[in-house]
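Note that subunit A is present in both complexes that follow, paired respectively with subunit B and with subunit C.
What follows is the complex of A and B.
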């Protein structure tokens, strides 16, 4: 298994390079929480660092926060507490960025966590409230909307 | 995992639009509540597409919707067709036809309970179109027989099959399924009385993975239990009302040791000894239901309970004679009990309950229906010791009154269901229950001292209430209903039978209950079409409506139902002032209506009945009519009804006005 990064042989590390050229040196054990990076390490193409053009430095830092915690800790309650705090974000844009980063880097746990957070934001809300929460425009034509309302009413339950 | 292209997460302002369809669908997959999902469908086109891509379960209400439901939701795994009005083989097969270039269906679970229009042709089409089919529920399709079983036997991956009340099924059909579906894990053949020991023997040989079996009410003998004892993985067996099984059979069952749940209720030849022997060999039993059997509780059984004291969580001994000493013995052995059933048990006293709950503090469900000796002291003991109690059944305990509920209200904040039918309680009881904010089901039938004041208490804090029974609480008026609906907006089932003071104004209040599905208003003599109209307009989810003896309801009310209550399935309009025209319109337009009771419609002529019933042909499944009509309705009509699978009950009752 090729290990990139500094010549320090004590713990193999890999360098991740964000889209805005920030460098993060990360132990392999942590970085391989991302299946994408794990495949790259296994294929031996991590010399000189792994460029991640889809992830900014700010988001990558947060992702690594998650990976660090989940690679180290084993206590279920501790991880649960961490996860809850991790997604307690005021800024929706960051949440969506994390979803996309988790998808791109193929970190299953983080993807499920951030997606469930979005689902939880929808719980109990009316249509108007959902649109307001996510700042969505109603792009239905009146006929389309009427059709969906009709279907909701009598086509199917559940 | 999908990799979308360089989706710009370039820092500022990534809105939800930045998420690809797959990612948004992944997020919406976590939205479980059906109402929330419907809201998502209306938010935007992207949300509607993502909702469709992530929807895993659907329950179509009309057969016209079926083709679309099957194609629009690629992730669909569970399909519930039990409410699909008018479903028959032709429409099912047509809907299942593969679209050109379309993917195969991933449906795994299909529910066809009471779908009496579906037969072997439809089932063949279903099995053919759904290669991943794992679970089928065909219960109460009374015409289903061996031909239908043959169709299901082609689903090689079938794991769960429920065939309760499929009266036509015999050993031959069961054999076909056993051979064709060797991976079967759960099977229920309740009431399929043509099945015998031979069928069960073959089943046990061919399906070694069986974990759960229900042979209730079959005429099988101990030999079936001998066959079933060979199943190494059998965990759960139900044999309610198996009159040909006795202690010898239970002894044969003892050959295995994997049982976790056993139901021998109503088995008149099973005694304490047989059950004790069975428990001896099974170390992991969690649930025992021996209601209405055992003749009497003997020490041999009670002492054996200590061997399973750690694992036993459910014990039902309904209908047996039980004394305080017995309850003490149970309490000493089984500290982990979560549910105890003592309904109709003679001999249960306050002392017995006290000794039980002192040791069994984890009890969540306590059923002491008709335990006539119990007083408020028993309730105090329960409240003190079982703080986590969720379900209390206290029907017909005449010495329990409102004082008994004081401690329950303060200490049992987890209470979700309480049945106080026929108890002598007044509004003060409801005042105590206000603090139970988790309350979902409240039954107050025959509690004639309950008045509007009580409803004010309930409305003030029990926001999760879903079911309320006020049968014969005749002091209730419109004001009480107003207070109720202000606080309890989630009510789905409401029984107001004989609450005769209620008028149209009260119904106007009820019309704000958007989730109302079942409404019983028998003998509400003051309500008219105006009240019915407000209900019809305001409660779009209405499925069942009982208007028997609402003498002032006329065509206008029924017209509103025809127009707005499109999901109505069950309707009782006996004694209402409806004419032939109104009836015809009603039966003609309500496409989901399946069950109608219309006895003593004095304003409908014979022609009126003829036209109205023809208008609904093909949809009605159950009909109740005055006996006298049998001889005057045309034979063609009666034949047509029968051919369409409609069962008619003829009632010979004299015309008497009440209320």
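What follows is the complex of A and C.
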């Protein structure tokens, strides 16, 4: 199998191993968009591959799609278009998986992008609508609700 | 494509979530493929039992459905909430307890880095347009004297009178 990155070959690569044991050989320049992986490469502990127990192969493939595009550092408009299409996902579960992966791998741009996408799903909605969108159960008693409304009236008075 | 353990669970959940479109003839339960006849009518003594069992397990998954937003670790949830508009924070405080907690933290961060946009509507203002021309929002934060309207006779003392009586005693 391919060995993990050592500097002598043409372009240094690193092997990332997903939770379901899929191997992805990735150029270091791409992988280092993840601060987590960058630190590991700097510390020299990537021999034999980097296991990522919190990320499945399916999600890791998407993450690398993002990293590949952004590492190529193309035109700003093109990146914007790409980002918009990247988060155009019907499946909430995938979106949340991407947020978690971006957080775990510490990929700033992707984390901002995915968090903003979720925030956009909240904007302008009423309390009930928010609960419905995210399948949240109301765990407040009517008294607790009334108290929160009271406590926060002044804060939202402008 | 071989289905590993982790994927099988996800496959189950994904299947149950799209259960309303049941048109295909197979479902993946655990690691086995289970043939499901689309028509509910029993064709053989075995199929109703199998269908029922499957329906029960699917319903079990749907009741179990968690809120993905609430299963985010709190620091990530706060990052998300920092990106909503200030006016949305008010709604978020009432959604549920964990969301409310994260919102409280996010709100402080909001005030640090962004000015909330001004609203034209005044809370509790029945008069509509005020006599105050510029329509400045009413300041209710001015401290009001606690003594206003209170009867002070019980606690007030005429000092000069008591002083005089003191002097006369001496």
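Just so we're on the same page, the second predicted complex is superposed on the first by the 144 of 158 C-alpha atoms of A that agree within 3 Å, B and C clash if a C-alpha of one lies under 4 Å from a C-alpha of the other, contacts with A are read in each partner's own complex, and residues count from 1 in each chain.
By our rule, a residue touches a chain if its C-beta (ideal position, glycine included) is under 8 Å from a C-beta of that chain, and two chains touch if they have at least 3 such contacts.
Keep in mind that what you see is a predicted model, and the values were worked out from it rather than measured.
*Asks:* Put subunit B and subunit C onto subunit A via the superposition and say whether they clash or fit.
*Replies:* Superposition check on subunit A flags a clash between subunit B and subunit C.
*Asks:* Based on the superposed arrangement, let me know which partner A:106 touches: subunit B (first), subunit C (second), both, or neither?
*Replies:* A:106: touches subunit B, not subunit C.
*Asks:* Pick one for A:125: touches subunit B only (first), subunit C only (second), both, or neither.
*Replies:* So A:125 meets both subunit B and subunit C here.
*Asks:* Touch check for A:53: first (subunit B), second (subunit C), both, or neither?
*Replies:* first
*Asks:* For A:145 in the superposed arrangement: first (subunit B), second (subunit C), both or neither?
*Replies:* After superposing on A, A:145 lies in contact with both subunit B and subunit C.
*Asks:* Of subunit B and subunit C, which one touches more of subunit A's residues?
*Replies:* B
*Asks:* Considering only touches as defined above, state whether A:96 meets subunit B (first), subunit C (second), both or neither.
*Replies:* both
*Asks:* Touching subunit B in one complex and subunit C in the other: list those residues of subunit A.
*Replies:* In subunit A, positions 19, 56, 92-93, 96, 99-100, 103, 111, 115-116, 118-119, 122-127, 130-131, 134-140, 145, 148-149, 152-158 sit in both the subunit B and subunit C interfaces.
*Asks:* Flag every residue of subunit A that touches subunit B in the complex, lowest number first.
*Replies:* Interface residues on the subunit A side: 19, 35, 53-56, 58-59, 92-93, 96-97, 99-101, 103-104, 106, 108, 111, 115-116, 118-120, 122-127, 130-131, 134-140, 144-145, 148-149, 151-158.
*Asks:* If you look only at subunit C, which of its residues touch subunit A in the complex?
*Replies:* Its residues touching subunit A are 4, 6-7, 10, 13-14, 65-73, 76, 79-85, 87-97, 99-100, 107, 116, 118-119, 123, 137, 140-141.
*Asks:* Using the touch definition from the top, list the residues of subunit A that touch subunit C in their complex.
*Replies:* 19-21, 56, 92-93, 96, 99-100, 103, 111, 115-116, 118-119, 122-127, 130-131, 134-140, 145, 148-149, 152-158
*Asks:* Under the touch definition given earlier, write down the residues of subunit B that touch subunit A in their complex.
*Replies:* 1-4, 6-7, 9-19, 23, 26-31, 33-34, 36, 38-48, 57-62, 65, 68-69, 80, 83, 540, 566-567
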